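Below is the structure I would like to discuss, written out as structure tokens.
Labels run A, B and C following the written order; every chain starts at residue 1.
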Amino acid sequence: MTDHIVKAYDDELNTLHELIHHMGEMTVQQIDKAIQSIIKGDEKLAHKVIETDDEINLLEVKIDELAVRIIALRQPVAFDLRTVVAALKISNQVERIADYATNIARRTLMLHDMPHLPLVEGLPALLKIPKRMFERALVAFATHDLNLALHVWHMDREVDELFNEYLTELFNAMIADPKNVGPCTQLLFAAKNIERIGDQSTNIAEAVYTLVTGKQFKESDPQ
Amino acid sequence: MRRTLKFRRFKERLFQGAGLFSLCLALLFLGGILGDIAYKGYSAFITTEIEAGTATPDLLNAHASHSPETNRWITANSDVDMYVKKGYKGNLTPPQLQAIKSLEETGHIRKAFNWGFFTHSDSQESELAGIWGGLYGSLLTLIVTFLTAFPLGVGTAIYLEEFAPKNRLTNLIEANINNLAAVPSILFGLLGLVFFIQILGLPRPSALVGGLTLGLMSLPVIVVATRSALSTVPQTLKEAALGLGATPLQVLFHHVFPTALPGIMTGVILSLARALGETAPLLLIGMVAFIALPPEHFLDPATVLPVQIFNWSRSSEMGFIENTSGAILVLLFVLALLNGIAVVIRKKFEA
Amino acid sequence: MDIKIDVKHLNLFYAEKQALHDVSISLQSHQTTALIGPSGCGKSSFLRCLNRMNDIIPSARCEGQVILDGEDIYARSVDVVEVRTRVGMVFQKPNPFPRSIFENVAYGPRIHGLFKSKADLNDIVEGSLTRAALFNEVKDRLHQPATRLSGGQQQRLCIARAIAVNPEVILMDEPCSALDPIATAKVEELIDDLREKFTIVIVTHNLQQAARVSQKTAFFHSGYLVEEGETGALFTTPQDERTQGYITGRYG
């Protein structure tokens, strides 16, 4: 798409994209660190993740303010308006994903006094697809890539399957030994958070769909 | 920058100075001419009168009424008049001069306002000659001019400006009208002579022929002035009326013409003023003849004020030189009055 | 929704230059249709085709049909005066007649003989001024010159003057371009009210204004009608690349 006649308008829209990109990168790091902390039982790392969440929250506020400013001063229409609206939605969803990372880090602290379970090693495998979905959704937003967004949306099915499998494993462990109920519950929460990352990524993909096509996303539509 | 600015300022002052100088020069010339005419002419408005029965007839005007019952103060003849007003002795003999002196001492001779200058027509005697004939002839001529040039000129202008299709023919007509406005007035005199007098056989030195000739002369000027007044009417005004469903004729008479009228009137008055001062074409159609009676109607032989001035100016007699200047003053006053009216109309409707 | 004006394959020429190319569009009754596009795109020329205002330009020539309530206004049997009575117009620059406020509004009814008595005329004038949201501001000085009103009041007077002849359609050619934001807001509010009774077509350079006042928007570009549709849709999801470029300020 060609540039605006008013250069400052382009600058503001670019800043909006950069902020979301930055927020996304930070959130990906948060997820990685949270998973590392839970596998290794690294409480220091877990505390660091929890502290860093404030920075991400601040970024979301910054994106909101910029988006409102663009609406007020530039009166965006058409694709520009949809970009600003998508940015508002996506920043909100990224913030939620960052919250999930923080939640996983909190599980590390809760697991401190509990017996170690080998099942915890299954979390990185569970995380693999939701993390990839999240990264690709962000790329789809940055490049207005409709196909990539649809691809992300389809990936969610696999996540659901993997989650259900992991859930079964956790239930089996709990039935085998009631002492496992405590740590298994914590792992259940962590797994649920990981699954939610996938869900939020599909929401981002849907926002990208609306941004590119101008239509609201309907589940029956994409092939 | 500073240096060039100083130079630019200097040029500006130089330009303004040159303008002021030429303005002063123009004012000087104008003042000189007007002053000369006023100096020579003011005495035309004054006449010398001698009380009845106190002087010998050789001092009195031969044509004035001499009966003491009806006329206590009798107009003196031109020699006496000149001597009393300006001190020229002229043809007066020493005894006559002596008699005037004694009359002055006893108060039997006086200077009075010369009403005759306005109420009399042309005469062989300068002290009895007046401008009434010329003034009245001018009035009749101008009426004819106005009645022909105004409707024809304004009508032509309205047609050309508002209705005529823009094509080669109308362009040619337009260009010719603009050129006609610049044609020397004497050519219109020739046209009048050939067309009105030789072809139509209208009576020769009449106000009708003079007025028609001047009308022809004023026509292009009125057309040009009216067109420019019409073209200043904003297009938006016409569109507003058309948009309401007014017909072109309604737009013209309800909006365009009233709005342009002050401009049209200004143009018409100025062109009439020009016609009033015109001499050359009227000489050609014979209005230069000596006419001692004011015209009674449009077909009577008539003369006009500028032609009368022209006639008087050819005389070497002192009294007629004075009359010439006096008549010029009257003509200038009337012209200034007409121009003043034009200015007033413009100012009043501009606001 | 009824179609008030149906334009079919309209071509407009100024001498040899073609100003409009095969424009077809339907204008719905009791809707405001906004015409947008860059300068010289033909939107004003198109507007002037709708009440045959282009007739006054000798070199203008029109092909195609403009069907007002089932009748082609360019048909031989139709009188242009009647067309302009049914399709009123408000211009870019407020252009009141140099007469009193009353006489401005009364002019249309007078030339068309739309009233039976003096009281009748008073009612028409008062009603039109009220409808144009101007009556309260001018009721004490109806007989003062209209030129003494402010720009915004003059424009509303022009609207009152247009509706006094009780037209069916009102064309507006950039009616707010000479007005300040407050006066603009008043006129926009008025346009929305007038829609109940009239069909309105408005040319505007102000995209936000088009978005605010219209239900339908049509985008013109170099003599072509590029895109038309529901205003909300056109401003959020324009279908044509050129429309998108123009409304987002990317047009070169």
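Criterion: a contact is a pair of C-beta atoms (placed from the backbone, for glycine too) under 8 Å apart; a residue touches a chain by one contact, two chains touch by 3 or more.
None of the values given here were measured: they were computed from a predicted structure.
**Student:** Write down the pair of chains with the top C-beta contact pair count.
**Tutor:** B-C
**Student:** Which chain has its Cα centroid closest to the overall Cα centroid?
**Tutor:** C
**Student:** Report, in whole Å, the distance between the mean C-alpha point of chain B and the mean C-alpha point of chain C.
**Tutor:** For chain B versus chain C, the centre distance works out to 54 Å.
**Student:** What is the distance in Å between the mean C-alpha positions of chain A and chain C?
**Tutor:** 52
**Student:** Rounded to a whole Å, what is the gap between the Cα centroids of chain A and chain B?
**Tutor:** Computed from C-alpha means, the inter-chain centre distance equals 99 Å.
**Student:** For chain C, which residues are in contact with chain A within the complex?
**Tutor:** Touching chain A: residues 207-208, 211, 235-238, 243-245, 247-252 of chain C.
**Student:** Quick one: in the complex, what on chain A touches chain C?
**Tutor:** By the definition above, chain A touches chain C via 1-6, 9, 75-82, 213-215.
**Student:** Taking the complex as given, what residues does chain B use to touch chain C?
**Tutor:** Contacts found on chain B: 165-166, 234, 236-247, 250, 254-255, 259.
**Student:** Under the stated contact criterion, what part of chain C meets chain B in this complex?
**Tutor:** Contact set of chain C toward chain B: 51, 53, 56, 58, 81-82, 84-85, 88-89, 91, 93, 95-98, 107-108, 111-112, 158, 161-162, 165.
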